[in-house]
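Each structure below appears as structure tokens.
Across the two complexes that follow, chain A remains constant while its partner is chain B and subsequently chain C.
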Partner chain A sequence: MSTSVVRTRRDTLGTSALRPDGGAKVQGSFAFSSDVWADNMLWGATLRSPHPYARIISIDTSEAIKIAGVETVLTAEDVPGKLTYGLIDSDQPVFASGVVRYMGEPVAAVAADHPETCRRALAAIRVEYEVLEPHVNPEDSISGSVPPIHPNGNLLRHQRIVCGDTSVTGPVMVECEYEIGMQDQAFLGLEAALAIPDSDGGGLEMIVATQWLHEDRKQIALCLGLPEENIRLTLGGVGGAFGAREDISLQVHASLLALRTGRPIKMQYSREESFFGHVHRHPAKIWVRHHASNDGMILKIEARMVFDGGAYASTSAAVLINAVTHIQGPYRCANAIVDGFAARTNNPPCGAMRGFGVVQACFAHESQMDKLAQACGLSPVEIRLRNAMRTGDRLITGQPVESVAPVERCIRETDAIALPPQMTSSPHELSLPGGSGRTADRSHIVRGIGWGVSIKNLMYSETFDDYATARCRLDNGVVTLKFATSEVGQGFVTLAPQIARSVLGVDTVIVDPMDTTIGSAGSTSASRQTWMSGGAVDGACRLVRERLFEHVAQQHNLDPLQLEIDDTDIIDTRGTLRISVSKASAGVAFEETFEHHHRPTEDLDENGQGNCHVAFAFVAHRAVVDVDTELGLVKVVQIATAQDVGRALNPLSVLGQIEGGIAQGLGLAVMEEILMVNGIVKNPSFTDYLLPTALDAPDVVAILIEEPDPQAPLGAKGVGEPPCISVTPAIAAAIRDATGRAITRVPVRPSDICL
Partner chain B sequence: MRTMSETQIYSLRVNGKLREVTDAWLGESLLYVLRERLGLPGSKGACEQGECGSCTVVMDGAAVCSCLVLAASAVGADITTIEGLTDGALTDVQQAFIDEGAVQCGFCTPGLIVAVHHLLDNTPKPSEMEVKEALSGNICRCTGYGRIFAAVTRVIDQRAQQ
Partner chain C sequence: MSIHIPTSLDDALALLHELPQVQLLAGGTDFMVEVNFNKHDVHDVVALRRVTELQQWHHDETTNTVTIGAGVVYAEMEHGELATLFPALAEAARTVGSPQIRAAGTLGGNLGTCSPAGDGLPVLFALDAVVNLASHRGTRSLPIGEFMLGPKRNALAQDELVVSISMKTNSGWQGYAKVGTRNAMVISVASASLVLDTVSGTARIALGSVGPTIIRCTQAEQWLQTHYDISARKDLDEAIATEFGLRVSQESRPIDDHRSTAQYRRHAVGVLAKRLLQRGCVQ
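And now, the complex of A and B:
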């Protein structure tokens, strides 16, 4: 409520243009993937393992198929193509065969005339299991002390970083082990898809909520044993993603059911199934030791980082690399020795979630910075300013930070934000820790302040060329844009027309449906779409503009290089010509397609050295909390933040990302955790998995640091991930400040505060 | 599967119109019947246990989670869904949500719009804490609520000036 937004006449870059889908969304007429429907449609549903680890002795589907209304029951033996899928490593079975490796692993699928019929059919499938002792300790994967639970072994990846002189020691040393719980993305729009088979059975069309249409298509086609071009994907409305839609969930199952029955299949997870049907944020244990000089300059970092990847690989290998390469935080450090492990266990698979490995690393390095500050007698702000990274500094991987790195400015501008007023003598009871529980007693409430600062890589790393494709067509003054970029709520459908208006001087811009009839846009993740798909739209529009200028130059006998766009006109910079774009483009049409590739990256070598990342963004957070020290309850009062955004192409959208990211980081700090006991998930529901509500939302005061990045196509850095990264350690630090407790684990539980 | 004893024909009064529901399994929730049988998919399902508010409708003047209401038990009730708030033009609440950036993915939005209308119909000038408490049953995962509060504040201010 603290940042006002100025709106200008034309919705070009830099304005707070409004969402083109806003009208449909506020009226309930926007079609999410769960809202689509087809004649003669059946419902699909999945049978999942109740055990974290078990041998499958037998599966008997005979009773299920007899139920009136049930059309088919599928198991592993019905998969015609590749038996496994996976985002980086294809190690997850479409259906379990012989063994189940986590609670919730798919075993069978049914298609029937009604969701209730599906439920009864699933209940009628008899699976005989031999229950095995689950392997749930990642350390056992590292030591090799338990037999492999998967043919690929129990260690998903090990990466070491050795940097500088590892024999260096410092007069000041601080160390601790930190723990991060398993967080769920908890998007609201549950997994859903409609699969419509071709009449000849040779392919299908799917409307699906996903982060990456082309990757889904590739994996579906392999499992179906069909050519990719026979599978056509269209983006259904996506109700949030946050990383959880990067992996396959129901896509292959719905496709198999559709091809088997020859009828459209609608699949839609329940909330409980959603908790089992997508990957989560990795729980992690991170030990760190910092060596510093007496005046607080970091001399060396030692770290051992253990990430629990769960039963299947998903993106664990990439998450781990983000973690180990970000453990220094946004601070200079010349010497380091780091060991990172991603381990396979019988816990639910973990993969992408907003922040992607950096969230865990940041909780550790920021907690360490406060320890270091205390040991050196410095304030949390001073220790961070002294070590703040600048452009040109090197990471512990040897990679120079070529991105604009306004770390010091982020800290100083955050520090300058006014603190919230002290609690009044008679505060509203809902504003106190415990909120609507109305349990707090003002005499037990202590206020604390804490800091967090972070660095986050943008785009994919380690040689992956995650390019984006876009097409621009200018026809009689109207621009039509085409791309396969998943709109998951972040607002690329708002931004893309802004780019076209700025580049081409038009006002009417149509965005075609996102589907696989154009080249890949890569994933809507890694804070990458403004940079990558934005770069592709910008490139396509620029190519069209060249054609338009050539056309006008020819008509007026001018050099096209003299022409420029001025608002909605084309002007001759060396003469008097001024002609509106709509007039200039009357009766002609130009169409161009552009692929944007970021600069190449390198793999890390065995010592973790290499230029593995593309670019970086930075942010600072300061948290103010009130803690009921007797009940261990926390109310986050205010989050102040200054974020390095490069250039705010749509300030309103940027603010939305910042406030939303902060809420998710707050969730990880004080309430959100998937609880597991020996591989059994105990809280797969919104009743038991707590999410921040309107009453938990802190006052957010945000400053956008705009120093356009010359490497970014539009000067803009990705803004989606940074807001949720350092806010978590900032809140934890504020709780430490209020209570004096160690707080080495998030989410912080009441027992961590008052027992 | 579904025997005659499990299905029923009944009528619901939705958005001012009496709508017949045929061949419906008696276990269906109001949310399911609205979405799958009556062509009103604006109400969204996200938790099936009344925690998230995405399925909020107004039933006889009370804001309820339609996922928790057995459809057949709603016979005789007056039900208003997101589709029934207006007959075309956007309401002030809907417009404010767009203008203030309170919509991202939009999945929680219909439920929130219904909840905000219900709040302001019953409490025209709510305090900040009354707004937060009234909306605390509607989970939004994208926005962090800041723009939603801004939208509600805008409507309260606009209505106060009228």
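And now, the complex of A and C:
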């Protein structure tokens, strides 16, 4: 028997390196924020409004504070600093004062020795409300027919886009109004934080699950009336985010309780509270009319888009801009007139969720493309190919698409993916629509095919400089990376060491805890961290490499520009020197910090013109569904997709994003919706807010289109959002194909198909 | 709060007799959710998992009767001998929650909660099950139709518990189908169980989630028996199946709620009845 030494492949860029926390997560030993404890800690809990709209007549906390084990009860009067917070507009009260504007709005918070004591204390707080008729129709907010429910008014933003010649008409016109329901991010790791006050009461430390440590710190500091440097945030284990951790939830409440009691405060939401504790995806109504030539070329788009922002602004203004600037889809269009409104109502606040306004726009424009195809006698693929945007084309905002735009390739490569086999004569019962309910037999099923293609902006827009910071230290052959990038499951903890290994030729890379002791990394959102924090890590590593080359060059009397990294060695490209990085860096240490900024963007003018976005990514989806047309039940059989990724730095991670995004888009297509009646949420639990199960998840066949983007630091585009955007309209189109129904609303309900 | 863990039926019944306001805990799949939502002011809990009499089932072949202990979990009905004896019960069991829930949830719990959406209940009703109850005062047995009184209401006295369910094995065909808006792990929007008894030539169909409690469609059953030879189970006309579905749907009494609409439920339950009948007659 012989033994052979197999050299393990180094986890550099381009390899499917495994997550460092993957094993722990699978085994259940990974510590999420909710698993963090401190000695002597108290529990915090929030009292929330049961009414969507009510005047607060009085709050009596006297009985609650008497309960043994209750340490403090706080209301709006106890907020020492700014009384409100918010990502764009600071319009949301830390605690409601005088009025509550949505069901679930925080009114008070308690700290006590046990969660059960907290529950009793909350029950003992007497709040007298004068219940008001809630305003839940965004059209009323736009028309001004109802009195303002907030001092800032009921219209959160209006943006018009006027492009080209708006008098143009086409021989072919198709129009429709589309509706998108309210989706929840439904991350599995619930909101949780541990706030530990400094002994002098002048500051605190917080371990929290968030998407953006520095933005949280800024808002917490303002509400506490303390300097930012007195607040130190460390990222706890995050179990998903999808936009729902961009806004503050329990951070300020936990901080206030900690400073008031002088003891560590642990807060965590239940699933029910989580539904009320974070923003959701905007429900929207979108009317669109396309004008086209007889051969299907788009001549003009007219659209009116209404987004229900709920009670507070959150990121509604930015979501709306994404919606109006993406309504043309990944198609050329010279003329347009678009009006978009984000309106305030007494519904739950809406804000960031994966896809950020583009999901809603895409359902409308892709449904329209199918209508257009039908009107012109073209196939869904042909209509899209004829209109497909190319690199350099201009958006209806006048912005040229300088990103690589392989739209045609996305469509063609998706189209070339083999369709799933036809259903056999006796399929497995679980594979039929209705699944384990055994509702259907083979003869009841009709198969349909549908398409969706999308464009998604990457990074923040409208002049925002969402830079990222990273530090690299090379010490005796070991690299230590430091950044404040929130790891929410997207895989930056895997990618960052890959970058360091590729740039510096090292093997051992340590990632320091993410916290606020280094500059901001910006938010883990907008498909931006690979580009932004990846760019920062790459930049810091390159600076260290320059120092290392200078060091080696000096020792060997060479020009440092001659040196290169080859695998784990430094080589002289003009001579014979070859020295391992570990040897070359023995006894020395270099440390560099780098800030990556993307190119500046512009605001939109009153006609919606301006280079407001940084970059774009594209994707195509083809859905195959089986529909039980009589019962209205759906099984998504296969999603074929080709996605423009720039460069796949970790193909396995990219596939993870693609499969997860498709499941989330499928959820919006056929089941996920927060249901409300007059501002009252009817299904705040996983019993009735349905997420796709393994049986609902389709086979995914994915092709990664790698055309490195010259603007991107590593050639890689963000891949997080695109997978969930056009899959929803693709599934809706497939249901239309199978049933002949109009399907103008998602989620598609059984009754939309069969009644 | 006290948790009592009796190990025999007599001990359990004694606790029910002695303690006022007892909460029974079997699989906990309903009860613990309600506790977590603070819907109970819990004082005394009697946990039934260790009462061995409740965990067993037996088949009396002389009377063709199977008696299933109230504490038998759904996982045990999904496959194996019970599944062979009662295929419809197995089909219903497979739709209950997730594998974890099925490893804990029990038929007794389904009867105790008595939700109109209880997955096992339409099958029990279509099988003409008898519910065996006990208290320190003695035992009694009720036909399931007399046990289920309304939404989350049943005939259990405060000091009584469900010991077992007895059902006759039948010759013929039985099936179950359930509509939910997800392909697994979903609460029923409408469900139906059909039993075709070829010996007596009778049909029995019971519906879930389309009324205040489980509904038996006696008029549709009667109509089918007079218009179709159930003993033969052959040559079913499409028109007969359609008419049966319509008649079943007319006997449903659904409501609108956040899970669905009355209109859809009425439609769906008719489709299920038609399809079950066709399934039962094609074989």
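Rule of thumb we're sticking to: the second predicted complex is superposed on the first by the 746 of 755 C-alpha atoms of A that agree within 3 Å, B and C clash if a C-alpha of one lies under 4 Å from a C-alpha of the other, contacts with A are read in each partner's own complex, and residues count from 1 in each chain.
Keep this in mind: a residue touches a chain if its C-beta (ideal position, glycine included) is under 8 Å from a C-beta of that chain, and two chains touch if they have at least 3 such contacts.
Fair warning: this is a prediction, and the values are worked out from it, not measured in the lab.
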First, second, both or neither for A:661, with chain B first and chain C second: first
Touching partner for A:490 - first (chain B), second (chain C), both, neither: first
Partner chain(s) touched by A:32 [first = chain B, second = chain C, both, neither]: first
Most chain A residues touched (candidates chain B, chain C): B
Contacts of A:441 with chain B and chain C, given as first, second, both or neither: second
Chain B versus chain C as contact partner of A:346, first or second or both or neither: neither
Touched partner set for A:683, first chain B, second chain C, both or neither: second
First, second, both or neither for A:695, with chain B first and chain C second: both
Which superposed partner A:114 touches (first chain B, second chain C, both, neither): first
Where chain A meets both chain C and chain B, residue numbers: 270, 430, 436, 687, 692-695
Touching residues (chain side chain A, partner chain C) in the complex: 119, 270, 272, 430, 433-441, 444, 630-633, 635, 670-671, 675, 682-683, 687-688, 690, 692-696, 749-751, 754-755
Sites on chain C touched by chain A in the complex: 33, 36-38, 91, 94-95, 175-189, 191, 258-261, 263-264, 267-268, 271-272, 275, 278-279
Residues of chain B touching chain A in the complex: 1-2, 25, 27-28, 32, 35, 41-49, 51-52, 54, 81-83, 90, 94-95, 97-99, 101, 103-110, 113, 129, 131-133, 135-150, 153
Contact footprint of chain B on chain A as seen in their complex: 1, 5, 16, 18-19, 21-32, 34-35, 67-70, 112-117, 120, 186-190, 237-242, 270-271, 428, 430-431, 436, 488-491, 652-653, 655-656, 658-664, 685-687, 691-695, 697, 700
